[in-house]
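Let me give you the structure first, and then I'll get to my questions.
Chain nomenclature is as follows: A, B and C, assigned in order of appearance, with residue numbering initiated at 1 for each chain independently.
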Amino acid sequence: MDLSSINPLLLLASLMVASTPILLAALGELVAERAGVLNLGVEGMMITGAACGIIFSALTGNAWVGFAGAALGGLLLSFLFAVLTQVLLSNQVATGLALTLFGLGLSALLGQSFADARPPAFPKLDMPILSDLPVLGPVLFRHDGMVYVGLLLVVAVWYFLTRTRAGLILRAVGENHEAAHALGYRVVLIRFGAIMFGGACAGLGGAYISLVRVPQWTEGMTAGAGWIALAIVVFAGWKPVRLLLGAYLFGGVTVLQLNLQAAGLAIPVEYLSMSPYVATILVLVILAAGRAPGSLGKTFHASR
Amino acid sequence: MKRRTLLKTGATAAFAAALGAPLRAQNAPMKVGFVYVGPINDGGWTQHHHHSAKEMVEHFGDAVELVYQESVPEGPDAERVMTQMCLQGCQIIFTTSFGFMDPTINVAAKFPDVKFEHATGYKTADNVSVYSARFYEGRAIQGHLAGNMTESNRVGYIASVPIPEVVRGINSAFIHARKVNPDVEFKIIWIFEWLNPAKEADAAKALIEQGCDVVLQHTDSTAPHAAAKEAGGVYTFGQAADMAEFAPMPRISSIIDNWAPYYIDRVQAAMDGTWESVNTWQGIGEGMVGIGEISSAVPDDIKAEAEAMRDAIAAGDYHPFTGPLSKQDGTQFLAEGEVADDGLLAGMNFYVEGIEGDIPS
Amino acid sequence: MIALERRPQPSRAWSYLSPLLAVIVTMIVGGIVFAALGKPPVEAIRTIFWDPLFGDFASYFRPQLLVKAAPLILIAIGLSFGFRAGIWNIGAEGQYIMGALFGAGFALAFYPSEARWLIFPLMIVVGTLGGLLWAMIPGLLRVHFRTNEILVSLMLVYVADFMLDAMALGLLRNPEGMGFPGSRNLQQYPAAHNAELIANTGMHWGVIAAFFAVVAAYILLSRHVFGFNVRLAGQSPRAAAFAGVSADRMVLICMGLSGGLAGMAGMFEVAGPSGQVLASFNVGYGFTAIIVAFLGRLHPVGILLAGFLMALTYIGGELAQMNLQLPRSAIQLFQGMLLFFLLAVDVMTNFRIRLGRKKVA
């Protein structure tokens, strides 16, 4: 055993990268859930994003176009979910599960001729001065653009939900859709927006795996990241800043687990891997503040 | 056949009889079935089986017809897929994952006329053969290269699932790395999966961050190569596929799965009526294990040594597990000059002396 | 402007017609997709929906439909009570795993026992208990701490999944398994084997349990006060409270019922068709059963039919892959579409479409 071979700074830096896909996907799901919509199809939207990312970047040779395409792919898939659950009033749980199945099939079909495609290099932003800071420099300021997009989005969502009128309305819709409707807000329209934001974010998260973290296309390559994103939203008690913490915890456990193994520490991998989920349940129990939005998962129909 | 007599015959015979004779016409092409555990474009294990299967079909032309099913879950679904293949008239079926072992044995018992070939297992029957490749021979060459190339004396190993095949590979690589470099140590990460690109990438990064400048992998994706390339100055090896797009750096050589000669052999035997249940374990010599081009990043003398070792193994002059060798706890399991037999290799569930850590259980 | 208007009474006609409509629409759209992939659309649809039931080897596939549908139906029946009462157990997958682990673990603890009369019945009890206890966690947490049972039950799926990995590799690993992960095969352990009761019918105890569950659920829902209370709790929690139905007790009963049945399904599966505790044991039945419950409109007979429909698309999909080389992804896409359409048309049961009049939504 040689724990000294683990460099905590490098560990922190890798953790930020490893957590980016689940952070992005979880952020989108958080907004959807704050609007009262439980979309269990995150995995399906992520994997579709991963496939679209490869396709768009391979065709244009530009990784940013790849990300845009991935966001679009995730958004279109979530639009399907929105139509089903908001217009045709299908059950959200069942529809989300079906969406995952659909997304896995769709992505495999779309991606089948791109298995050999290698996405274009995605450069790291070498920020002058900042990246040379001792300690903080290598940890915080030597990543690629999407890591910062993820962090900026966290701030933006936090600001939107807590500091803007539109965010207030969105939360009201999620808390009690009957009341929000009575006040004259367009419940269905607002939820469409929230769902599609969720889809676009999940698409971005998926593409981060296929374009940056791996980078290549393999069927089913998100390997459950979408489900982890769902857990993070709960862990965070539907709060954006705590979401960041949750994403680092869940992503961190994976990175830490691998690092401990490499350092020769005999660890029970399965028990360590399940610990964040147990922690999430404990958080749900202990923190009363972590109460789910009141209308979460409930079908809304404006009857006169 | 009357219902009553049908009930009297044994369950096994009744099974085939009750369903009618499988579709099999005279002079029609021989149907050959393949059951895959992953998608056919996984870039690794399944893709190479499928590739070899297609080579086999090319060899025989119209005389054979390929029937395959991808991404079959190990368990009752596999059993049903194999039965479907038998009913469709497949005369020989290759099941290409360890987890298909018990289903293969079950279905084979119901269709005594169909021949089965199960990859990497250990259970045989009159109509079930097993076949596997001596990948540890290739690992010896990788170990030799790794021991020579490392400057930090730290070699990373991304291990997949803790089964004897993987443990054997780790041991073989370690033995030969230590031989040329007494200071070398192995850092081993188990990811408990055969293919998970994201996790492989993370594992490779963790190893590199902990000072490994050579990363070996027993997992199928190219993600570790991409991570090594990004880090710079790290050497890797292709797994299952040549992964030549990462040559000359970081990929300096590879182990290539080549099942085609075996598939051609066995289908030919089935056609000729000479097929018998066998336990095949082939290596570099027979061509089942290919060693990819050693790239220009490796100095010529080391490359020559590695190639000499490859040729010696192929010719049967050298066995990677030649004593004296001891287990992790120091007890000797091979005396001076003694060579490991296949029984010992097949059940290898211990690390050799010098490797730190435990095999997960 | 098109608007939906709630029907005063759910339409009986539409509740029967809508699934039919969905299947037809799926066939049309699916056919277009298959045609776009260069496959014969009519033949593909026929292979999926017709061949397993009436094709060449229907006598094999029909029993297989039972085997595939039984766990789905058993789990979905259990879930349907809670779903009707507004209690959302979506962790059936985890309860299914725990049922299998408890059942198999119990049997293996007494290995090798010959007391089938004791082992097998107790396995059913222990397996059911395993699922029930696992479901009690979200149940009790909701009752005592008001936590959301959807989320807790979902989290526990992951925990159960890792538990399965740990068991397959550790505690339940077959000591005679040549170092490979996975438990002993219960199919070779007569006291614990959930075998076919009549050869080649697919009938095992799990299938019988599923049918029994359908009948029992039907009687409970239509004739028993419990069924009335469940429906009351779902439609109007306040009215239920007035009628003396304790909401907390309802939560515990519904969670327990669904968890117990999921656990039982897991136990029957591991002791029968699957045989082994393996990391790949669970194939998503617990999640698919949620969809089955909704496709069946939470009605026992509907669930029975929906279970068979799902099983049909699995088995027919495999046939289409094998015979027409349709990629597996196309089959997955097709299944997803079928589910979407089935979920979408249900709106017709409770709503009618109004044209022309503008209305604030």
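The rule is simple: a contact is a pair of C-beta atoms (placed from the backbone, for glycine too) under 8 Å apart; a residue touches a chain by one contact, two chains touch by 3 or more.
Please read these numbers as outputs of a predicted model, since none were measured by experiment.
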item: Overall pattern in which the protein chains touch one another (line/ring/star/complete/other); value: complete
item: Chain pair that, of all pairs, has the most C-beta pairs in contact; value: A-C
item: Centroid-based (C-alpha) most distant chain relative to chain A; value: B
item: Centre-of-Cα separation between chain C and chain B, whole angstrom; value: 36
item: Chain A-chain C separation of Cα centroids, rounded to whole Å; value: 28
item: Multi-partner residues of chain A (at least 2 other chains); value: 108, 112, 219
item: Per-residue multi-chain contacts in chain C, two or more chains; value: 165, 169, 327-328
item: Touching two or more other chains - residues of chain B; value: 39, 71, 192, 360
item: In the complex with chain C, residue positions of chain A that touch it; value: 38, 40, 80, 84, 87-91, 93-95, 97-99, 101-109, 112, 186, 188, 219, 227, 230-231, 234, 268, 270-271, 273-274, 277-278, 280-281, 284-285, 291-292, 296-297, 301-303
item: Chain A partner contacts - residues on chain C that touch it in the complex; value: 4, 6, 88, 90, 137, 141, 145-148, 150-152, 154-156, 158-159, 162-163, 165-166, 169, 287-288, 290-291, 293-295, 327-337, 339-340, 343-344, 346-347, 350-351, 360-361
item: Chain C-facing residues of chain B, complex; value: 11, 14-15, 18-20, 23, 39, 67-71, 73-77, 79-81, 83-85, 87-88, 98-99, 102, 106, 122, 161-164, 167, 192, 346-349, 360-361
item: Residues of chain A that touch chain B when the two form their complex; value: 1, 5-7, 10-11, 14, 18, 21, 108, 112, 115, 118, 209, 213-216, 218-223, 225, 254-255, 258-259, 261-264, 266, 269
item: List of chain C residues in touch with chain B within their complex; value: 56-57, 59-60, 64, 67-68, 165, 169-170, 173, 178-182, 185, 187, 199-200, 269, 273-276, 278-281, 283, 315, 318-319, 321-323, 327-328
